[in-house]
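Look for subunit A in each of the two complexes below; its partner is subunit B in the first and subunit C in the second.
This part shows the complex of A and B:
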């Protein structure tokens, strides 16, 4: 059979989860990571990352709005997806995603952003004219009170929301990991480490995203890109990355040492079909190189422009590496037979419903949404008006 | 004008036919009422059954009749299988590395292969109708479920097509029906067994290798089969509660 080495159960030849399902944990991870970085500023009062606070929140929102779209596009019957909310099957790891998602979107992210921007929104609703005035008036949700007292209440409630938000962000992405980690039929996925690895890789990718977005956005807006801020983000990225890499290596070493019935099959796959995406992209280019670049900055002192370049390269490689990690989990988990006797091939289609084109569109869409959000809710407004 | 006449005649004749055939139907029904008793409604009681299957490996000759009959009975799309047959070659040097093939699911039998260095046998596969089904557990909307009589079914009007159940099945028994974009699988011919018939695959098996089993029926031969043979399910370590029992299953089978 074309594309098949060895023996696959006949129904296994066709891959069920496409590149769109690779995007799902990728996008969700960026959300969780960006939010956790924002909470560093808010809850733990890390002054250095304060300038990224609002950008990180808006980035998280932009990606969160897009996160369920690849799932929706992938479903055989998208019009029935509402059933996941109306008649959720309580033993299903997937059924709860909708609720975790809504909780995170409505209670955590939108609430925190609204509370933080409330004063700006009220002022904008008074200063803008025409259609935009109407938009801002709606966004005030009817509350025009921006007295000192009301701002103090906003702050206190906002802090509580953020404190609830941190475990929620952990839940959001740890949960995505559980969807894969709980499939006992698939030894490539089935490990209790999966949610933890997903969580830390989410933080890595989210922090890297903010590191890049902060630079680009502030350049475009003509705002300063503070070096102390970049240094702090890079430091956090490095530490979280070390934990993430250790966990992934622990998983790998454990698999090699235990060498259970699936090992021969998985080992073969890593050396052949997944060699490029796993060894080259994920581990070497996507992990070791950024770790060296970021790590060097923790022990040596480089010039400002060199540092900026090193951080940017590390950030981009990290984003690619984490995407490769999601690919290796989702696609890699479907390339081998559950009989451990053969392998199939995944050919990415292009302009089909689950092809490369919609995948690229879905990756660009959050950036478009972020641009609109930045126009609507300028992050620098507070400093200017305060 | 002539056309009108013809139409009138046609209408008259049709009228006569309708009246006469109506009368015939009444007459036939009356007659049927006298001679053939009406079938009892809801005669089948799900709670009185617990379905599974037994497969005698040594009896399977790999003819592929079961695969063909299943496809015909259930309208299985080409290239997908509710049941299929695998051929194993297990050499004495490497019993842990069997060679397996299943050309077109074994539907048209197998090409002859002379391998004196290995033992060879056929393994028919189908949904194991697990009592603790990982696929049922995974379905986010409850479209796939275990019936009270122990059959794992899919409500195709409810399935969202997320394919999580396909990932969750350790045996590769599920597929997405490309015509309907919903998941499909072996129903143990539920439409037949609830009418007192056996499954299509069992019906056509020339060596009686496959047997439908009702574990709740004390007179079912399955009890004797289970008592007198060495039986095993596929991948027992996964504890799925599989109810397809194989007699003399070789340890190399996955």
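This part shows the complex of A and C:
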């Protein structure tokens, strides 16, 4: 059979989870990561990353709104997704995830953004005219109170929401790892480390996104891109990345030492079918190169424009590396046979419902939404700088 | 305390909006979710009645054997004894009710037999399999084997 090496059971030849399922943990990861960076600024009052606070929140929202779409596209029948809420299935991890998503969207992200932007919204509802005025008026919920005292209340409540938000963000993405980690029939996925690895890689990709988005957005808005801010983000990116990488290596060492019956098969796969995406893209280009670039900055002092370039390259490579990691988990887990005697091939389609084209569209869509959000809720001038 | 309450009026509004959303959701849920949902399990209880009301399409081999006792006898002595009649003839309930107007389907051995007997690695090794290209050489399986008692 073309594309099949060795022995495959008939139901393993064709992959069920396509590139869209690769996209899904990628998108939720960006959400969780961006939010955690924003929370860092708020809860621990890290002054250096303050300028990215609002941008990070809006980025998280833009990606969160798009995150369920790959699933809808993959499953088909989007009109049925409401059933998940109407008749909740309490013993299905995937079904309960709908509630985690809803909680995170409504109670954490929208609430935090609303509380933070309330003053801006009220002011905009007074200065804008026509249709936009109406939009902002609705967003104020009819309360024009922006007194010092009310803002202090907002700040308090916002802080509580953020504090609730951090475990929620962990839950949001840990959950995705849990779904894979709990598939006990699949040795490539089934490890309790999976949620933790997913979480840290989520933080890595989210921080890298903010690092890039912050530069681009402020360039486009004609606002300054602060070097102290980039330095701080790059520093966090480096440390989180080190933890992430150590965890992945821990998983690897554990697998090598344990060497259970699946090991030879998986090891062979990594050296053949997954060689490019795992060894070259994920580990070399997507992890080691950015780690060296970021690490060099922690021990040496480079010129400003060199630093900027190094961070940008590291950020882009990180994004590619984390995408490759999701790819290797989702696709890699379906390439080998449960008999450990054969391998199949995944051929990405192009202009089909689960092809490359919709995947690219879904990656660009959040950027479009982010643009609208930035217009609707401008992050403002330098009022929050340290 | 009084002052804090006065200054958090907008939060009360937010809470009201969320509460309204929740109530609308519950109302929609009450209206949309079928009454019998969850009666026996995580499905619509009434569906059992609906399925029961559907016309039956398979009659079962015991019914066939009432009229076709010679076929039943041949079959029970051959290697296909374990197969139901309708595994090959397809759903034939209509035929059993009125055999003369509803003719039963007579499958063509040339295409029928390979469905189960074509060599396939996924089938158990003990199951009799042939590579029809080599084995039948273009002839119909029915030219040599009798479907109801296939062993030669």
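We take it that the second predicted complex is superposed on the first by the 379 of 386 C-alpha atoms of A that agree within 3 Å, B and C clash if a C-alpha of one lies under 4 Å from a C-alpha of the other, contacts with A are read in each partner's own complex, and residues count from 1 in each chain.
To be clear about the criterion, contacts are C-beta pairs under 8 Å (C-beta built on N, C-alpha and C of every residue); 3 or more make two chains touch, one makes a residue touch a chain.
These figures come from a predicted structure and were not determined experimentally.
Partners subunit B and subunit C, once the complexes are superposed on subunit A, run into each other and clash.
Legend: residue contacts after superposition of the two complexes on their common chain; A:9 is shown touching both subunit B and subunit C. In the superposition on chain A, A:89 makes contact with both subunit B and subunit C.
Residue contacts after overlaying the shared chain place A:183 against subunit B, while subunit C stays out of touching range. Greater residue coverage of subunit A by touch, when subunit B is weighed against subunit C, goes to B.
Look at A:141: by the touch rule set out above, it reaches subunit C but stays clear of subunit B.
Contacts of A:255 after superposition on the shared chain: neither subunit B nor subunit C is touched. Looking at the shared chain after the overlay, A:149 reaches subunit C, while subunit B stays out of its contact range.
Shared-chain residue A:80: touches subunit B; no touch with subunit C. Here subunit B runs into subunit C after the superposition, and of 60-68, 132-140 or 240-248 the stretch doing so is 60-68. Residue overlap on subunit A between the subunit B contacts of one complex and the subunit C contacts of the other covers 7, 9-10, 87, 89.
On subunit B, the positions that touch subunit A within their shared complex are 79-81, 84, 86, 98-102, 104-105, 125, 134, 136-142, 158-164, 166-176, 180-183, 238, 254.
Against subunit C, in their complex, subunit A makes its touches with residues 7, 9-10, 85-87, 89, 106, 111, 114, 118, 140-143, 145, 147, 149-150, 152-153, 157. Those residues of subunit C whose C-beta lies close enough to touch subunit A in the complex are 3-4, 7-11, 13-14, 17-18, 25, 28-29, 32-33, 37-38, 42, 121-122. Those residues of subunit A lying in contact with subunit B across their complex are 7-12, 14, 16-17, 71, 74-78, 80-81, 83-84, 87-89, 91-95, 97, 179, 183-186, 333-334, 337-341.
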